[in-house]
Structures are given as structure tokens and as C-alpha cells.
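In what follows, chain A forms one complex with chain B and a second complex with chain C.
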Partner chain A sequence: PHSGVVKRRSKSQSYRRSIRTCFGVASGLGLTPALTARRMNTSRKAPRSQNITEKVKPEHLELLVKTEWQLSYVTPLYQFRHTQLKSYSRQLSAFIAAEKQEGLAVEVGGLQNTFKVSFSVLQGLAETSDDPETVLIQVQSKPMFARQEDPPKTVWCGWLSCINGNPEYLQSLPKDFTCLPLFCSKGAEDLSSLVKSWLQRTFDCCFGPLDINQTTLQWLAALWTNCHMETNIQNLKMIWTLPVLPPLQVTYTVDSDDVLDLWRSTRESSAEKSREAEDEVCIDFSEVTRFMQGLMSHFYRHFRVDLSAGELNQVSSALGSAKVNGKIKISSSRYLISIFSLLTECALLKMPI
Partner chain B sequence: MDNSAKHLLQRLVRRIPASMLKSTLDKWERLTAEKRKSLDFTQSKWIITQELVALCEKSELTVKHITELEMIYITENPNQGMWHTFQLVEPEDDAHSVELMQFKEQFKSHLRELQRNVSVKIKKHTDQAVWIRVAWGDGLSSPNHLKATYVVLYLQTPYVFVNALSSKHKPLLLQALTLSTRHQQIKAANLSGQKLTALRDLLMRQYQQVFPTKYPSPLAESDQSISKLRVEKVQAEASANRHRMAGETFGDGMLPALQSAVFKLETKFKDPTNEAMTQRDEPFICSVKFSSSNLLESLRHCASSGIASTPVTPMLSSIPLKGRNYFVITDNVLTA
Partner chain C sequence: MATQLNLSDSDSSDLSDQSVFTRRSNRSLRIAEQERRKKEEEDPFVLALKYFSEVEAGTPATGNDELENNLVRVEKVAFSRGLSPEAISVMLDFAMSLRMGSSPCARVLKCLLPASVVPQEAVVRAIVWLTVRKLPISTQVLFMKWVLTVFDMIDAKDKLRAIYGFIFSFVTDENLCPFICHLLYLLTRKENVRVFRVRKLLEQQSKLGRQPYLLYLLSLYKVFCPELVTLSIPSRMKSGFKNHISPWKSALIAVQKRNDMQVASSISLAFAVRDKTASRKRKHAHLDLPSLNPVTIKEPQAAQSSSRKLVPMQQIQSFAQLLQNMHRIELPAQMGSLLGSSLALQYLDCVQDESALLRLNFWLGYTLHEEFLFCSDGGANKNPEEALQFLNRLLSVQHFLQEGFNSSDAFMYKFLNVWDGSLLRPQILGLLSNIPVIPSSQIKTLLFDPLMQLFFTSSLFFKCGLIECLNHMLLKWLTWHSAYALEDDLDISLNSHTSINITLSGFKDSVMELVHFVGRLASVGLQLEDCHSLLLSFILDFYETVCDTFLKFGLPLVVMPPPGVFYPAFFAADPVSVDRLAFIMHRYKVNLTSAKRQEKVTEGFHISRQTFREFNRYQVFLVNCLWNSNMCYPEADVRLSDELLAKSGVPQFSTRFDLIHHPAFVSYALDFHHKCWPGRKDTDLNSIKQSKPWNWYLEYLFTQGFDGLKDFVQNSINQRVMMAGDGCDNVTQSQKLGSAPHIKQPLLS
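Showing the complex of A and B:
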């Protein structure tokens, strides 16, 4: 299947096949105990400002920040090679052209060159030696009425990555599998599904939506607040939706200095623990919970409305924003690694194994 | 018809939804029935606009006539843009006797004294509302009809609703309003929203309110075991109680569709479980915005379902009681 020719298969058939193989491979290799026993980490390192520009090319960073990405999880890729990216670019270009051509009998030929795909390695995002390097996929196209000399525009962009992935799990994978569980994309929905379906067919993997659940949003609120010690986050904004008729949305915005004071106060009560490891500041989820409870109790004292009856939908600060439907935007590259480590963990947990 | 009139007409037609175009033109009465009949409303809006411009040109209509059309459209569809509320205070002795003709004359002359080149149009709507359209120019330039300010007031009531008013023109308009309604002052009423009708109903109390009475018990007798009955009875009583208190605060029927309320909080953080924060001297600064397609209905449901504790806190009940949706809360105000 890895020759230059793209074979057409019915979509549903291929999907079913890949799901089956995924489950088959997983249970057959005895991977299950490593993951099913796991839960979200209850403790993680406090994000440290990193000068990531030394590791990652500036043009790549520019691409990653200030863009809202739609998140998905991906199961490990079978026989993926970082050395074959050129060939993948050709294959995916041909696949997109073939799919777009369907039902467009008139314009055969012309479409072949409308979409140009490029796979490349986005170096520097991987944190540990177990993390495979991030793979960037870009689809470029010329607008319908563009002039000859106009440069092609990037119409779709996505990347597959694994940042600080669970080493136990990564090492337990058989040799032929590459684990890049976090898939971020932006651009037209139809291109997203074409790229996904090509990856599914070629690497026998499967995709699924990655929500940013309540726990992760709470983690982000706390981690971003913690960053205010080094970088101004301006304020912390949280949006809840309460299940009443008509639905009530509550936007709760707290001044950054005050929210940091609250965060410090919830950390102080567990100060002994953080003193133990002085160079590695660890944050425990119990502290995150106490912090959120503090915010909610201040709210309750004024409005006598119980926010925990609703759902936290969105958290944002000057460093970025995250929404429950799996959309994330990072506005500062300094904390990119810690945020995407968290999301990698979520993606690994969400995988159906 | 000059270019500015044409431009104004084109912009206006673009704003009016196709389905309302015919009825709005009918009410305008500036084009004869015959001319109106010649328009084919099944065509694209672009073509209708072309034809309409040609018709108006033939009828020698001017900017003045086009602004009439705009006023008809806005008056009939007031729930767009952002409406801000102001309140007239300290009425003079003769404030209650101001009638429309006198107000019209006074308002125009006061405003023209303050600013040259303003174009003012005043019209009384069927529901007693006085609608004012002001197009502002400055010393040299002629009035800009593309960005007109709309003002709605009910004579002999203290509330004034204003749409699209720039900060530059605000003091001028407020002064002219204060003088011509025979008041000494006007202040921001801290109520704003997209739906003029909702703001008006809230302030004029034009919605069904409920006064404290006991609701009939919703629980019918049944022959279940006594303990279960008791539990149900207690629960039903609590639920009935919540419903009653929700009704007492927010009323019982349809509520004005207010869409948001904002609270700026600068109060101390008090939490018995958090000593460090409770001992802190500085206030905890945050802002809370509630939004919904009908905020008061949502809050009523919060109270009746138990998400909000009853009795409803004065913070939330102030929205309907005081007719405000913008509050700044400090510790002094909170205890007062």
C-alpha cells in the first residue's frame, strides 16, 4: 500500500478494519495493563518559562502560537518512518487530488496540481528520548482566481506530536509502531477528514475527537495562574454554563495578582511537600481542586449560585485559551511544552485500548 | 437626488431584510402606490435597490425623506445595536406639564445652540414613545446621516434610552434632554442591552409580578408507605418553597428578555478554610458576567431548581427590582 498509487477503498470498510487491527494489536501484545490501570497524573511539574526559540525554528514557532487548534487523538502509527516524509507528501497530494476529483468530471487534469502537500519534521518539540519527533503536515493551494505569480497559500495545517509521553507506554510499543498521539489541525473540515482518512489507511491507525475535559481545564487554570510568577497573565477568565432554561452562561474574570495570591494561599497549606523537592516544584491535583473551590466559594458568597452544578467550558489568560470542545490556542511560546505535555497525556488516555 | 442621499438609501435597503422591505416602503408613503407596485420584490436585493434609487430620483426625494424611511424601520425594529439607559433626576416644578410640541421645540433649539449643523427629527410612536433621531455634524461639516443617534423617551417618565451615541456628543445630547424635559440632572442608569423592549418593560414594570402568597401544594395524596410519603412531602415542600421564592423575586409569567448583567466585584475574600486570603487587606478584584437569551428566566430557573439558594440574594434580585444590569460592588455597598 505504500507505493505511489493510491488505491480506493470504501471508507467505512477501511475504518472498520483499522479499528479492529488497533484493538487486535493492543490486546494481542498485552498493552492493556500498562494503560487501563492508568489515570490522569495527579501531580505534575510547575511550568517553567522556557526559551524554546533555541530548540525550535522561529518560523515553526510562529506557526504554532496564536492559532486555534482543533485537537484529536491518534492511535500509534504502523510502519511510519520519519525518513519517508517526501514519499508521504506525494502520496497524500495524489490522494487529495483523487478525492476532490470525484464527481467533478469536467475539470480533470487541472485539479492534480491544486493541492500541494508537504510533510516535514518539526524539530525540537520532543522532550525526552522516547518522544518521536513532531511531524508537520501542510496543504498548500492556489486560490481559484489567483494570478500565475501569486505564491500558493497554506489552506490546511496539522501536526502529530508526542511531548513527554508516558515512557513506560512508549517503551512497551513494538518496534514497528510510532506513537504520536496528539493531532492538532486547523483549516477546512473536508481537508481535515481527507488527511485523517489517508493517515488511517496508510498507517492503520484511528482518530477520535479529543475534548479538553473539566479536569484538564482546571489544571490549565492552575498552571496558567502559576505562570504569573514569571510572566504577566493579565487575568484568568473562566466560563461556566449552568443547566437551566434558557442556559445561563457565567463569565468569571479574576485579576491576575489576586488570583495568584489565592493560588499561593492554597499552595501554602501543602508547603511541606513542595519544600522536599526544592528545584522541582510539583503541583498536586488536590491543590488545583482547592484553588477552584476557593474561586467558586467567593462566587457563591456573593451570588448564592452553585457553579459546580454547571460545566466549566472555557479557560483563558494572556497565555492562551482552551475550550471544552477540544480547541486550544497558545499565545506565548514560553510555556508551550508544558501545555502540550498535558495534552499528550490526555490524548494517550483517550486512546481506545 | 444627490450622491449622499443615494448612498444613504443603498445602505438602508441593505439593512432591511428582504421580507420586510415591502411593508416598510408601504408605511413610508413617499412613493405613490403606482410606483411601489412597479417594484418586483421577488428580484435580488441588488436589483431592487437600483430600481428604488431610480424611483426616488424621479420623485425628487432628498436626504430628509430617506431619513424618514430609516426612522420607520428602526422604530418598528428597535431590538438592534446597543441601547444605554439614562435617568432624569431632580425635576423642576413644571416638569410634569411638558408636552410634546413644547419638548420638540425646546430640544431642537437647545441642541442647535450647543452644536451647529445637527439634524434632528422627532416623531411620536403609537405607544406614547417619543423617538428622536439626531445626525451630528460639527462646526463645518454637514450632518453625518450614516451614523445617526437614536433616542427614545416617554414624557413624564424619568427614563431615556439611547443608541449609537459617541462620547463626544454625549454631553451635548444629555444637556439638551435635561433642559427640554425641565429637569436639573441626568445620570447613567446602569442598564444596557440589545433589546430596547426588554429594557423598557423592566424599568416600566410591564411584566407580571408576583407578591408574596402561599402557593397551593402541588402534591396529590397517594397511598404509599408513610416514610416514603414523608420524604416526598419534605422534598415537595422544599421544592414548592423554592418555586414560591423564585416567583416572588422574578415574577411568574413572561419576563423581559434581558441578555446580560455585569458585576464588578472589589470585595474582601472571606473563606473560613483559607486563613491567608481572609487576612489579606486588599480586595479580591474580579468581574462576573451572566448571559443568557433571557437572563431573568434563567435566574428564576436557577432559584426554583436549587442551583441558586433561596431566598435569592439581593445581588441578583437587584436586577429586576432596581432595573439595572451593571453593578460595581465594594464592601461598603454590600453591607449597606
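Showing the complex of A and C:
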């Protein structure tokens, strides 16, 4: 059925298809997504410091850390080939040139003196065998009044990735599809939308904004706190907004040792029962909730302000910062993988089917 | 023909057309030869043509009376009847070869009005002359305009296409370029699009600037070979090529009208430029359908052989073309674009590629989620008009395909939980009714729980709407079932070993769940809304579907309405509801009777005894009330003691719901009474119960349009044994089936 050959489908087949797509036995993805609503994992492994420099090239790592990325989710790409990146670079260069100068046709593969796009594989970020390799897209441009010998400057950068993606979901996709659900970008907004619209047209995918919701922010706060056992996170900073008039913004900064104490005490009560478990330390969401409650009740005791009535907007530590509007910055490459696993999960939750 | 697709298939037809033409022209030439010999002297037009074909090169034009006379003769014919193909050929050759210099050229060109067709060879020859002789620029342009005007009338295009490269070489000519581009646009096929041509056009673009004609031609190139060129057409430039046909237009139409020919459609360019105005308004345009674009990046191995023959969907302009190219249509780059045109929808119905459908579902699911669930830019609340249009389109697509998309179903299951019951209600209910069968294990969480909440917390109109929607849903499920069971010749008692993944019993369970669910909604809804007759009417609609499941849809399942629906319908004050209830009971009876017959024949076919019992109970109640003036509840689930009823103070309470005293019919009884005994002063309705007036009364009721009642009475009540006397007291034992003479064929078994 993948050949695209057209036959008149009889209604009985159509009936069967309807039934099948409803109960999802024949096609893998049909597993009636709605019937089995995907939910966020309630338990995840504690992040462990990884020496990622062995896997990922240092120049790539340098690109990834210390920049603030705007997050989006992407539906699976159709007919994407990691082997054709050169051709994509040519296409996208021409596309940007044509869109920038509306009404002027542009030869694909011709010499572009304004924007030069390069697609490349960012090796080493994929964790499991189901994860497709991360794809890095860079747009370079020469400033208008640059001298001849000046190197072109990177004006836009973005990458598509899937780190520790849900294997069930990934395996259920037909092989024409490549699932790289997390899209991070930085650079001018108009270039972002041009790149997105090209990807949309070329791989029949859709882009939507990926916000980092309350639950994810709480997870990040707990995960980063947990890292303090190995790496100094200096302090944990949270920003809340409270729905009062005038709006009240609360910046709540806790010293790293204190917050770790609190975290340990929340962990201890539940840790006993899983103490005998293997060396993999797992964190349950109930612990995260209790941890947050601890932080909030502490605040209430001192300031008589109940933070649970408000909204957590931002979490940051020495390891990075995350904002509710989908902006994230990672400052240390050591915990990169676990943070992006979490974000990949969030992106996969946004998939329409 | 200009708008028709340039496909290799059309070659053969072109060729055959042409051979027919040449044959015909050969013959007509032969005849003309003979006739010319005869009429040579008398026909001045033939003489004139002969003059133009034979005039020697270099003959002076100025002051040449002979030329003037002959030209006037040709013009006269041209503007009245149009010129024959041969005449066109002769005159065009004369003009373009500059045999008498360039001065008569423009005049000749202006009178080249074809009566029927333009021979292709003449055009090709003229184009060749274009390079050989030095025509004034204005004449060159005039010639090109003429070609574009009569393009649709050129008898074949294969030879013109063969000199595509030759014609292309004129694009470097600044004056001719706009017209050449237009002509090329009409002639271009996939194999004509080459890198060097793209480069030439781009070179021209850098020389001449942003010219629409270059852009349009390049945009066609892009359609065929998106891997070579890319461009974006500004919205102000979307009118297409300018219409160059003005000098001949009116004259040509006049000639064609006179010749009673079908007026050739003016050269209209099917030039699809994306309408950007709508998307400009919004920042995130989720709700815009993607435009039909061909795939940019082709699979390398497929590129060589097969893709050469593939036709981009964008190029398909008519249903005929769709049929012709059905086997080699290339799916567009974005599947969502197929929802945008009705033609593409026809094709979508035939698409079997799982991946293609999945792409469509991803896009659709994404759009619905972003707009209605994630609401990243305000969603449906902010732009209700667009959301409305989008959902209407989706509904019409689903209606056309006669099935839903699983992404929209998945969306519905989520959306029902957050829906307020009023946002875009008709559309949402429409989508809801398209939801396919849900297994009975999941139907509660997915459908019933959210709907129950919505139903009990919203207005009467929502309740009616929801019942109607569930009725449609049930109808669709049943129709699916009957279509499938019939087409595959599936024995309805067969189960689980078929290729479908839902067994017959699974399907029956789901249908039963749905019917019971609506029964619960209806019972409580009627109580909440004080048995509103509008709601009751929608509920009875639903049971009109339910009572016929066996006979109409072949599903071995009969579900009776709950008491909460049956009794309110029976006690309703409007006769329509009672009449419909009687009709429904009649259909139940017909269904159950034939199911019973089936049971004896087919192994494993079984209708629950409980259903028969429930039916009998209702039936006896109905007959006793309406007929025997006896309100008794056989094996009743609800029972009022006689003492309690007596306390109400209503005299003869047991007769209050017979056909005469039933509040729905009492006005008819009164009317009948007046008609029957016009002289009587005191009204005694009981006198209708005499056997003769009773029969008349029934006849009278039937003439008032109570067909349901009529069916019910004629099928369920033994007419021959009529009410004997008062009939009120002596039939108390009638609840025992069979002993009552008033009920035919008890079904209880």
C-alpha cells in the first residue's frame, strides 16, 4: 500500500479501514491514540553527570550550551533523509533568498551571496537506537558592509532532535516518517518562520509552540536540585506570578545546600521502600510535588503568601534556566541529555496522533 | 485547449486530430482544385488568394491597385465568414515572408480571423519567417499577439512543441519576451524544463528586473521541477498574463457567432497564485489550508524513471484530466492541501497510501489541537469566523468521503471534556456524529461521561441537539454495518473469524450501550424539562431508528425504550407524540415478529426474552389504556394502587386515557361528537363507545392523519371483536395475554 498506486477502494474496504483505524490493529499508529491517552511519565531517572564530550564534538557542544533556545514541537517529518542534507541546504538557501526578495526567481543550487544554509548531523545526542540523529541547521550571512575576507556570521541556528523518545511511539510510525519532535531555535524571528515554513512544505510536518508548563518546570526544579549532590548549582531560583491587583511577581531564591536538604528529606520518606532497588535512582512525581509543597509552605510561613495560588514562571540554577514561554538555556553540558529527554517527552505529548 | 494539460497522452489524440485534418484538407484541396478550374473566373476570393500565393517577391506595394483590390476581397470574407485554414495559411505566408515588403503585413495580420481552425504548419512556418526576415518590431509583436489569440484554435500543438527550444530563443528579445513567455507557458511540458533554460530566464530576470511574465513562466517551471528553481510571487502580482487578444476579440466573436460555432473560450490562464490576503491577517495561520505544491525533493532512485511520468496534482484542472491521469498523479508536498479543492477530494477518496493518510491526519490533528485545545493565539474564541469556516469545510469533506478522519475523532474525544456546549455547537455536534463505532469497553470514558455532563448542565436546545446528533451517529453505525454485512455477504450470525477487528457481538454491544445511554439521557432529560414536546420529538426520532434495527439494517438486536421514555410519550398532551409512539410500537412488533421467524431458521440467532417481555408489557398497557379503558400495568415496574388513584378525585380514573378521554384526543372526540350528533345539547363522550360510533370514530381519527395509530390499531388489535358495551369492567383480565380478544398474536414466548 505504500506504492501510492491508486485503486478504487470499495466501500467494504472503506468500512474495514474505518474500523481498523479506530481499533488500530493493522496500522501501528492507529492504536487509537485517543483511546490510549499518552500521559507524562510519573517517574524518571535522576540525572547523572555524563561526560558527554566523548560522544559529541566539542564545537557542537559549544553551540548547544549557554544559548537560550526557543522551543517548538514538530510532527513527524515525511521522507526526511539524513543522507540528503546537502540537497536540503541548497533548497533552503534558495528558498530563503526567494522569500527575502519576493518576485524574483532564484535558481536552486545557485551561488547565494546573502544567506548560506547548512544542514548537518549533530552526532552523539541520540540515546537509544530508536532515536534519529539530531539535525543541526545553521544560516550564515555576510554583513552588508563586511570586508571581503571577513568570515560569514551565523545569524540563525536551530536543531531538530529526539532524545530518549518514547520507543512505542517511534516504532509505531511507518518508516517513511522520521520523528524529531523537539525543535530548538535561536535567531531572527523572520528566519525562524522561513525555515519552519520550508520544513513544513518539504516534509509535510507542522510546527507548534512548545511551552514549558508547570509540571515540567517543577520537574526541572527537582532534577536540578538533585544534581547538587554532584555539581554545585549555587542556588535555585524560581519566579512566580500571583493573580492579584496589581500583579505580584515573587522571586524566590533558595541556597543550594538548603534546597538539597529539603529535597533529601522529601526523598528519604519514600526512599526507604526503594532503597534496595538497583543503582538507578528513580524520582517519582509525588516526590516532586511534595518538594514543591515544602518550598511553598516555607515561603508561606515567612511571608504569609500562598504561592500555590500563583503560577510558576521560571526556574533557574547554575545549570540553566527555563521559562514558561518555552525558552530554555542550558549552562552545563553535563546534564544536557536528561533535560532534553524531558523536553522531548513534552514535545511528544503534543503530537496530535 | 490552452488550459489543458500538456501531457504525453494527449499527443496521440493531437496526432490523430491532425491526420484527420490533413486528410480532410487534402480532400477539400482536391475538391477546391476541381472547382477552382471551373470557377476560376467567377470567384473573386479564390482569385485573390491565388494572387497572394503567387505574387512575386519584390512587387511594389505602394500604389498597387491589384493588391488593394485583392486585399479588400479577402478582408470582406474574413470579417464576415472568417478564413478557411488554407486561406489563413496562404495569407500568413504572404505576410510573414515580406514578399511585398512590410507595409501590408499589419493589415493582413489584422484580418486573419479563422473560420474554424488554424493549421499548425502555418504558424510554425511563420515563426520560422520571424527569424529569417526583418519584420518591424510592431509587426512581430502583432504576430505574437495573434498567435496567442488563436492559440486555442490551432489544430495541433505537437510541432509547435517540437520547436520549443527555437521559440525559447526569442526570450532574449526584449520586445517579444512578454509574449514569448506567455506562449511558452502554454506550451511547456515537464521535459522542456531544463537547467539551462532556467538559467537563461534568470539571466533575463537580472537584465529586465522583476517582470511578472518571467515570474509566471518560472513558476510553471517550478511546478514541474521544484528542484531547479524557487520563487515567491508577491500578492500584488497575481493577475496572470495580460490578455493580449484585444485587436481580434470582437471580430472573432462575431465571426464565430455567425458561423454558429461554439465560441472559443478566451485564453484564460489557470494560474493559481496562493491567496495570501487571508494568511496575512493572522500571525499563526493554523486554519489556512496549505497550498497545492509539488514535492520538492524526490527520492533519488525514483527520480529517473517513474517521476518523469508523474503528474503533479496542481496540474489537474478538470475531472476528465483526473480520470485520465489517475494512475500517475503525484501527491502534493502537503497532504492537507487536498482538502482545499473538490477535485483533489475525489482523488483523496482513492488514495490508499497509508503514509499519505497519516500525513493528512497529522496536519488535521495538529490544526484542530492548536486551534481548539492549545489555543496558542487565542484559538477559536479569537477568530470564530475562521474556525467556523474550517469546521464547515472539514464537515463537508467528511460528508463527501462518508467517513471521518481518525485524527479528528481523537481530537473530539479530548475536546468533549473541555467543550462548553455552545462554542460552534452545530459543527461540533456534526463532527461528533461522524465518530465511528467505539468498543463498548471504552465508550463510557470517551463519549458518555463528557456528554452526560454536558447534557445535564445545558439548555433544552442543546439537549435536543445532542439527541439528534446521537441519532445520526447511530444511523451511521448501522448503515456501516448493513453496507458491510451486505457487501461481503457476511452471515450476520458469523463472528470473530472475519478480517475485521470488531466482531458482530462487539458491534452489537456498542450499539446497545449507545441506545441504553440515550435511553438514560432521555428519561432524565424529559423529567428535567417537564416532558417538553420538542425534546420528546427528538427522542421519538431516535427510537424510530432504534425500533427498526433488525429489518432496516439487519442487526439482530432490538432494544426497547425505557419506561422513562415510553410513559411520558404516552401521556403526552399532544396527539402527534402518541401517534408516533404507536407507530414505533408497531415497528417494534414487525421487527420482533420477523426476528422470531429468523430465530427458528438460523442457528445462533437470538433475541433476548427480556426484550419480548418488555414489549408485551408496553403493548398490553397501550391496548388496555387506549382500548379497554383500563389503566392496568401488567407485571408492572411502576404501579399505582387504585386507592391512591381514587383519592385524586378524578371520576372513573381508569377511563381517562382511552382514545376518547386521552388529553391528546379529547378535542377530536368532542369534534366527532358534534359531527355525529349535531342536534344533541349535552355532550356525552361515552356514547362514542357504542360499537358503531366507535368504528366511525376510529375512521375519523385515521382521516386526521394519525397513520401511526392506524398501523398500530390495524396490526395489534383485533378489529372483529370490538368493544362490547361499556367494556370498562369486564375486561380487567385482559392483561393476561391471549385471553384478551383485543390483542392479536401475543409475542411472549
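Please note the rule applied: the second predicted complex is superposed on the first by the 307 of 353 C-alpha atoms of A that agree within 3 Å, B and C clash if a C-alpha of one lies under 4 Å from a C-alpha of the other, contacts with A are read in each partner's own complex, and residues count from 1 in each chain.
We adopt the following convention: contacts are C-beta pairs under 8 Å (C-beta built on N, C-alpha and C of every residue); 3 or more make two chains touch, one makes a residue touch a chain.
What you are looking at is a predicted structure, and each value in this text was computed from that prediction instead of being measured.
Of the two partner chains placed by superposition, only chain C is touched by A:176; chain B is not. Look at A:245: by the touch rule set out above, it reaches chain B but stays clear of chain C. Judged by the touch definition given at the top, the superposed model places A:217 against neither chain B nor chain C. Applying the stated contact rule after C-alpha superposition, one finds that A:299 touches chain B and leaves chain C untouched. Shared-chain residue A:343: touches no atom of chain B or chain C. More residues of chain A are in touch with C than with the other of chain B and chain C. Residue contacts after overlaying the shared chain place A:283 against neither chain B nor chain C.
Once the two complexes are overlaid on the shared chain, A:352 sits against chain C while remaining clear of chain B. By the touch criterion stated above, A:191 is placed in contact with neither chain B nor chain C. Of the two partner chains placed around the shared chain by superposition, chain C is the only one that A:202 touches, whereas chain B remains out of contact.
Across the complex, chain B meets chain A through its residues 263, 265, 267, 269-271, 274, 276-277, 280, 282, 284-295, 297-299, 301-302, 305, 307-309, 312-313, 315-316, 329.
Interface of chain C with chain A (complex): residues 198-199, 201-202, 205, 210, 214-215, 218-219, 222, 226-234, 237, 290, 293, 295-297, 299-300, 326-327, 329, 331, 333-336, 347, 349-356, 358-359, 361-370, 374, 376, 402-404, 406-407, 409-414, 436-439, 442, 446, 480, 483-484, 487-488, 499-502.
Within the complex formed with chain B, the chain A residues making contact are 242-255, 258, 261-262, 264-266, 268, 294, 297-299, 301-306, 309-310. Chain A contributes residues 1-12, 14-23, 25-27, 29-30, 32-35, 37, 75-76, 78-79, 84, 87-88, 91, 94-95, 98-99, 102-108, 110, 174, 176-177, 200-202, 204-206, 208-209, 350, 352-353 to its touches with chain C in the complex.
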